[in-house]
Amino acid sequence: MLGTMNFPILTWITFLPLLGILIVLLVPSGKSEKGQELSKQIIRWVAVGITFTQLILAFIIYLNYNPAMTGINELKSFQFVEKLSWITASLPMVGDINIEYFMGIDGISVPMILLTAIICFVAVFPSFGINKAVKGYFAMYLLLDLGMMGVFCALDFFLFYLFWELMLLPMYFLIGIWGGPRKEYAAIKFFIYTLVGSVFMLLVMIGLYHSTGSFNILEMMNAANFKGDSLFGGINTTVRYVAFMGLFIGFAIKVPVFPFHTWLPDAHVEAPTPISVILAGVLLKMGAYGMIRIAFPIFPDAFGYFQTLIAWIGMISIVYGAFCALGQHKVGKRDFKKLIAYSSVSHMGLVILGLSSMRPEGMVGAIFQMFNHGIITAMLFMIVGVIYDRAHTRGLDDFGGLAKKMPIYTGIMAVAFFAAIGLPGMSGFISEVLVFLGAFKSYPVLTIISGLSIILGAAYMLWALQKIFFGVLPEKWKGPWDPTRVKYKTDDVNGLEMVALIPLAIIVIFLGVYPNPILNLMTGSVNHFIELMRPFVYIGGL
Amino acid sequence: MDLITIAFYFFGALTIVFGAVVVFTKNIMHAAFSLLFTFFGIAGLYVLLSADFLAITQIMIYIGGILVLIIFGVMLTTRITGVEVKSGKIGKVQLAVAGLLTVLIAATLIMIFTTSNWYTADSVPLNSTVNEIGTALLTNYLLAFEAASMLLLIAIVGAAFIARKKH
Amino acid sequence: MEIGLTHYLIISAILFSLGLYGIITRKHAIMVLMGLELVLNATNINFIAFARYGGMNIEGHIAAIFVIILAAAEAAIALAIVLNIYQNFRHVNVDEVDNLKG
Amino acid sequence: MTQDVVLPLSILILLIPLLSFLINIFFGNKLGRLSGVVGTTILGIDLGLAIVVAFTKLTSYGTLHIIQNRVEWFNLGSVKVLVGIGIDNIAAIMLIVVTLISFLVHLFSTVYMEGDRRYPKFYAYLGLFTFSMLGIVIANNFLLMYIFWELVGISSYLLIGFWYEKNSASNAGKKAFITNRIGDLGFFIGIMILFFTYGSFMFEDVFAGISSGVMPFNNPTMLTIAGICIFMGAMGKSAQFPLHVWLPDAMEGPTPVSALIHAATMVAAGVYLVAKVFAMFTADALTFIAVIGTITAFISATIALTQVDFKKVLAYSTVSQLGFMVMSLGVGGYTNGFFHLVTHAWFKAALFLAAGSVIHAMHHAAHHMHDHHTDAQDINNMGGLKKTMPWTYRTFLFVTLALSGIPLTSGFLSKDGILAGTLAYANLTGGWHWIIPVLAFTAAGMTAFYMFRLTIVAFHGEHKTEIAKHTKENKLPIVLPLVVLAFMSLWIFYSPNPIDASKGWFHKMIVQPKSAVPDAYQWSFLLNEHAEEDATVAHQAEGSTTHLEATTGKPDDVKAAGHTTGHYLNKFQEESHHFHYIAMILSLLIAGSGIALAFMIYQYKLISADKLEARFKFLHTFSLNKWYFDELYQATAINGILVVSKALSWFDNYVVDGLVNLSSYVTRGFSYVVGLFDNYVIDGAVNLTATFTGFLGAKLRKVQTGHIQSYVVFVLLGILILLYFFI
Amino acid sequence: MIDISHITVDLVKSISLFKPETTLIATFLLAMILDMAFKKSKNIAGYIAIAGLLITAIFLFEQTGANYKAFSSLLVVDSFGQFMKFIVLMSSLIIIVFSFFSDELHNAHTKLGEYYTLIIGMTFGMFLLVGSSNLIMIYVAIETMSISSYVLAGYTKEVKRASEASLKYVIFGAVSSGIMIYGISILFGLTGSLNLFEINQFLVANKVATIPLLLSGLMILSGFGYKISAVPFHFWTPDVYEGAPVTITAYLSVASKAAGFAVLLRFFKTGLLDSIPGTSEAWQLLGSIDWHYVIAVLAVLTMTLGNLVAVWQTNMKRLLAYSSIAHAGYLLMAVSVMNDNGVSAVLIYFFFYMLMNLGAFFVVQLVANKLNSEEVEDYNGLGYRSPVLGVCMTVFLISLTGLPPTSGFIGKLYVFSAVINSGYLWLAVIGVLNSVVSLYYYVKIIRNMYLRDVESTKSKLVFSPVTIAIVLLLAVPTLLFGVYFTPIIEWANYSMNIFVGN
């Protein structure tokens, strides 16, 4: 079975982009105008090649993944495990330090790897529109890809932290150099927000290292490894609570959750389309993934203590995000991307609620919601990208009546919009229902209030839909987008955009009807996770 | 009061008074010369403390060497206009602050010195310390001695370089 | 009353403070150097006094000697630099030499 | 046809309209006009299959409650999600209703929507709608029902907002969808409560759970609340009292859409849901349903009185009829409620199609006259269409009779059954419950009045405008559905005896299911006594009826009421049988007076409507003859109603509508504030810390003054501070 | 005749251990003489200096494992000293190589002979300081080092700001050493001895009044604080760093800081602490003064001021000055922990700090050569005008912030690990927040290089391949040690045990 084969597939899937970066950097930038254009094309297609191979590897992993093995805290039930000692130094005073290159996946990381591979592959196509410092762009793009893939495979806290921080710098450059008007402010805001979060995580990591003697996440999970008098030893101590909060805030900033979300609208509005696709598609999931992989299992007692608080935060994010999206205030122009950004806050709040319910269907729903939200928001952003590339404005008030002008585009948009509302028949609905069913058992009142988001979601999405697609076409868009017919042959969506959008639409509808391919992956691990947390945690409905 | 007490108060007063003159006088030349008397006062104190070699070194090097150096410095850096060399006045506020600060430091030091017990051991005063200093310098403190020589060499090279006019 | 260790320490403290006052308030660079010399002399008094009352401990003398040596070296360098300032700024008022700030 | 063929067939019935949707979406513009033909033929096949399935179910397996299956959709270890489809008697009938009306509307629209540019899209959305409606019909679990519930909502949104160039159309669509969504939220909460307690979505598991005594959050009031939540879903879809505001606006959509969706099928979904899960409703839940039904019926009837727009009148009348059905279910008249649903579906669809043909004709005439400003839907511009559009007039007249409950029509049977039911209910429960029959009868009367007002103003009398003069009868595909539907409204289809439907096949087939709710929480008179011996009640001849003493108050003390003689299912049926004739006479009387009044005001202009309100006394001199009773009635009811209707319509426009709009203003305002809060306070707080560090940095930078002496001062100060700090 | 036989044995062994310093003195003399002999070539002294340093390095490596109190315990030769000496040596070597390419020095039409000799002199001073365990020896060593650095700071004496820098430096330096020696005299008065080991025995044996001990400790600390530019004593750093030539600024920011920390650690470990031999890694503190807290307060002040003021700087050298103050703060944090973990953290941090700081200064020097400006604004579009330099500068700046793939992160990791392990959570949190603030001004430079003036039309900056090679020589290890840092850790921890003197 490939899983046990010695082909280190995880190392390959993570470090393939590194190979891509080298190739991209070696491509000579042509002297003449035509030469430069040629080199740009080569770079673009190299990126497509790399991400496509990555997608194939992800698919191989998916095929060979055996859902029975649950993972979470036993090493033997992880799959595609690669464990080799990376840094070992024997210190006379401090005791020996060993950091391992420890990669492995279980039910929780497989969907995330699939999502990353899909989103990174699909986001390359809108990147064809970038023609400023293309070589730099794709180098940063692949570095980001490497960081993200690494985070989902790493099982050694040091390695996890290395990959986690690795994706900060490329993101800063990608927003900073190729972004919109207020790109610098958005880029530095993103950088500082995430850094503050990850810096708390660093302290907790070091504390854990000292208490257990190694960076291995799995060993940190069972209390036996904590040395007697160590910092985080024992149970329900205030130090453990502080440590848990440190980790939780670090991950919550990434999710983003209510009080820490103000970076998201700026980052989304200013980032170029492909980058906001990746930002929304994958980066937001790393926060939630981090919570499941690290924060909750290592400090189950602290999680039990804060469980209701986390549920409340989830609920507030859901309702608050929905209201903000609806209330697109007059400060900036009513921006389409800002609306989607706030809707992401609301949808990710759903994930937090699902996680805090500690019910099998709640957690499976949360992870499935992470997967679906990734795909749906990626589609939404690409849709915005399509009209932004043509009209160079994202203001909601500037459009109207596009349905007549771009019918196919309206079709695809309809799929994305109705999926975002959580219409049955689309994957969004399944995960929403699961989360609500699970959360209802643990926190009935909170779930009912969060139900409000179903109505508000419909309200702001349909309002946006009507603003842009229905009504009468304003004068200035009457003519064809590109009179010279060079860039845009037809008024409607062109080939490349279709290649990016259609597969996502198919995934959304297929999973909406038959979600088992993804759900079966995680059921084993989730149930195991809940068994692990059972003694410390309140599980509703028992 | 016996002779030593009188000598102590004489030399002490000499040092303090001329030290104050050095610091408070407006005229640089006055300051330079009052520095001379301060050094003499200190040399006297050394004698009282039966540090004969030190007293002589003080007179030879401090007065003979450093003071002459300072006076040359004063000569070189003031325009030869024959005018009384003013050292210019500093704003009233700064003076007050500096004065307050100095008094505070002095008070703290004195308070600490008077109230704490020092490492004391009674001992018979030696007639001459030169012999002991010599042996110590060349046995226990040999390295410090050589390092000091290296330091002086560097000082000479550096000072020569800085002070030299463009060649 | 009999002259004891503290008397010398008091003189040294006063001299030390005067030296500092000289450094802080005097505008002329050379005056600052003079203040510096006072500080170093105060230290020497301390060393000799502790040597005398601490069991005729010769180390104090050696320390004092080294302080004198270094004072000489420092004075030399300081004066050389002050001359250089005089070359460049045509004056040696310490508080006017302040274009490097912020 | 054997039992095991029913389910695969019903899946086929479900998927065929989806096929039409897909064909029209992808190959629509290639097909062009052909998409209409494709759509109609597909629906025709669907109709055929539906009839086959319905007959197999009703004829050979009538007694078997339900043919159903269950399949595991996905399984999460400790939680399994099961879905499946099931055909029981009401589903079989609904299959026919939905497919037939959808087929007729497809046929009707081939002509009606001829001119429209996005013709294939229209047929695609119709296909989608039929698919989702059939989904609701055959689902045998809450989850699948909820899924198709929302799909129906989306397809109605697409159809209402079909002419999206008009902002009012897309606004109406949006309003419809959001109000439905509010209802759906309630529905979903109800499902969650049930899933939480019984661990499954399947109806039979839930009913089994309830009957085994397990209560949600183990307290019975929660079961009532769950029932009310489920009913909220029905309120949203069937436009019941608070959530009815979207239906009148939904008239913005093309008329065939209104005919299919807002008359027959979709709005009936709510009632169908209540019927399907009737077994889980506790006594209090049923009372709530009855009250809501009555209020809706009464209010919308009063409003319909004063409406001017042809389709708006029909819209309000639909809402009122829905109120009747819900009220009937609420009071326990399960069979009559469903019976009214079916009959109402035919004649309301016919009414709307007739309206469509009238408006179509008026448009053609206006187009012909190049006069584009007169509103083709305002009945005051019509008049005298009897002469120009004979066939439409005849079908319209017959169907109006059915609606107003005139004998020999199916409407009469169903409405009469309901009214009898309300009387029995009031008699059994007494106290304040008597309001229900009173309001029911007045509403029935008003229905007759406004329907005839409409027919007279629109069809009788002289052509009020030029356009009316030039209207011509439409082509066959428009008129044929009218005739078919009018034919379906004959009484003969449902029971041989035109007066009493209880002996018809319909009543034999549709039997109230045994309620799963423990007896303590049920209406005693609904308890099913003969459940065990034989499911079907052989309806013997009139048994001797022992007189029951009047029982009042809460169900528990009603339990002592005597046992029913004869073979009625339960006490309620026996009681309503008693009131049957009284109700019939009373309803005939009221309907007749309503019609007469309509003729007097509009046909013979004896009483002018507007002067009426002004000069009340003129009426008194008018009639000395047998109207004395009417006068009293008129003085109190008619005037009262006119004034009340004005007030209510004002109330409806400004308060309830306002309430809904208000809630949207409130949400928009609140979200505006939250948006500002988010942008200034939270973002501000973050920027504040940034500016503070900057400020601090600037201040510290000043310390570096450049004066060497100030540096020395700071150093000495530093040492002193450290010294004193640490002593 | 005084019997000095017992001294000779010790002297012979001490001199054999003194080889590195002796070679330094020899190089100093040789360089000076040869410079006078060969008038024409400017860099002759430089080449000799490099040769001398290489020989010293060889002798230094021979010494590994030595553990001896030389020159009647004036000087201590131990592995801790060796590590620090190696850092000083390495930075001197790199600075001399930098000076070959510094236009600032070369067109200051002064002969560079004295320049190289003084650097050797300064290195000698630092070697002494690192090893000295006698208060007077410390004073002499600090003076040697300071005097040579006063001259070097003002080396381009025609330039106004250089002379101003040297004036400020000399006055501030003199005052600080004056205060230090006064502190030493008080300590001498209290304990009666100048040797750290004897002082320690005295303090262990009998109770000493705390206030004078605190006063003398603070005064001595001000001497060291001036050298490592800790906050209350840092005022000279920004002005001198901006005024002095870039090479010297780099040298001061690394080498003299290293020596300062070495002497600070040795002073506390051997002097003030209750050094019961073979104690666990936590040092018990003498007297009732809680030195942990004193150093911790200094650390917090240094970090916070360094980072906060750096945010406003527009001159690159001044910005890097404040950044070096901030880094002194992080190091002080490790020192305040006062245990072997802290010492090894300091050593590790210093090795990586040397690499990244010298790298950053070299880039500033190269850019100053080409654009002759040190303003941050002039870095606009640098990333596109010279890609290699831009990337290397980004690596250095990211490493200075302490982000993972770089070695700066490993340094910070160990510092925070030492701090957390001894339970100072609040200190770690302040440190961590400071590194977030530091991100702002480091990334401001990256922003100018890459985000401004994208694909700038200005002329491409071409640098000689040798300089690019040197920059890469510093950038690659900064990245490499970020990923694989075992050798450094092992070496630092091996040389962690300061000679406790048994």
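Per-chain residue numbering starts at 1, and chain names A, B, C, D and E are given in the order in which the chains are listed.
Note that a residue touches a chain if its C-beta (ideal position, glycine included) is under 8 Å from a C-beta of that chain, and two chains touch if they have at least 3 such contacts.
For clarity, every value in this text was computed on a predicted model and none was experimentally measured.
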TODO: Quick one: how many steps at least from chain D to chain E, stepping chain to touching chain?
DONE: 1
Task: Partner chains that chain C and chain E have in common - done: B, D
Open item on the list: Tell me the fewest steps from chain B to chain C, where a step is a jump to a chain it touches.
Closed with: 1
- [ ] Based on C-beta pairs in contact, work out which chain pair has the most and send it over.
- [x] B-C
Task: Chain whose Cα mean lies nearest the overall Cα mean - done: A
Task: Mean-CA-position distance for chain D and chain A (Å) - done: 42
- [ ] Could you put a whole-Å number on the gap between the CA centroids of chain A and chain C?
- [x] 66
Task: Distance from the mean Cα position of chain D to that of chain C, given in whole angstrom - done: 101
Open item on the list: Rounded to a whole Å, what is the gap between the Cα centroids of chain B and chain D?
Closed with: 107
Open item on the list: Using the touch definition from the top, which residues of chain D touch two or more other chains?
Closed with: 701, 704, 706, 708-709, 712-713, 716-717, 723
Task: Two or more partner chains touched - positions in chain B - done: 94, 98, 101, 105, 108, 113, 118-119, 121, 141, 144, 148, 151, 155, 158-159, 162
TODO: Going through chain E residue by residue, note those that touch at least 2 other chains and give them in order.
DONE: 136, 140, 143, 147, 150-151, 154, 157-158, 166-168, 171, 175, 179, 189, 192, 211, 215, 238-239, 312
Task: Every chain pair in contact, whichever chains are involved - done: A-D, A-E, B-C, B-D, B-E, C-D, C-E, D-E
Task: chain C residues within the chain E interface of the complex - done: 9, 16, 19, 23, 29, 32, 36, 39-40, 42-43, 46-47, 49-50, 54-55, 57, 59-60, 62-63, 66-67, 70, 73-74, 77-78, 81-82, 84-85, 87-89, 94, 97-102
TODO: Would you pull the chain A residues touching chain E in the complex into a rising list?
DONE: 86-94, 97, 132-133, 136, 161-162, 164-166, 168-169, 172-173, 176-177, 183-184, 187-188, 191-192, 195-196, 199-200, 202-203, 206-207, 209-210, 231, 239, 242
Open item on the list: Under the definition above, what is the set of chain D residues touching chain A in their complex?
Closed with: 25, 74-79, 143, 146-148, 150-151, 154, 157, 161, 164-165, 167, 170-171, 174, 177-178, 181-182, 184-185, 188-189, 192-193, 195-196, 664, 667-668, 670-676, 678-679, 682-683, 686, 690
Open item on the list: So in the complex, the part of chain B that touches chain E is made up of which residues?
Closed with: 108, 112-113, 115-119, 121, 135, 139-144, 147-148, 150-151, 153-155, 157-159, 161-162, 166
TODO: Write out the stretch or stretches of chain A touching chain D in their complex.
DONE: 189, 192-193, 259, 261-262, 320, 322-329, 331, 360-361, 364, 401, 403, 411, 418, 423-425, 429, 433-434, 436-437, 440-441, 444, 447-448, 451-452, 454-456, 458-459, 462-463, 466, 469-472, 515-516, 519-520, 523-524, 526-527, 541
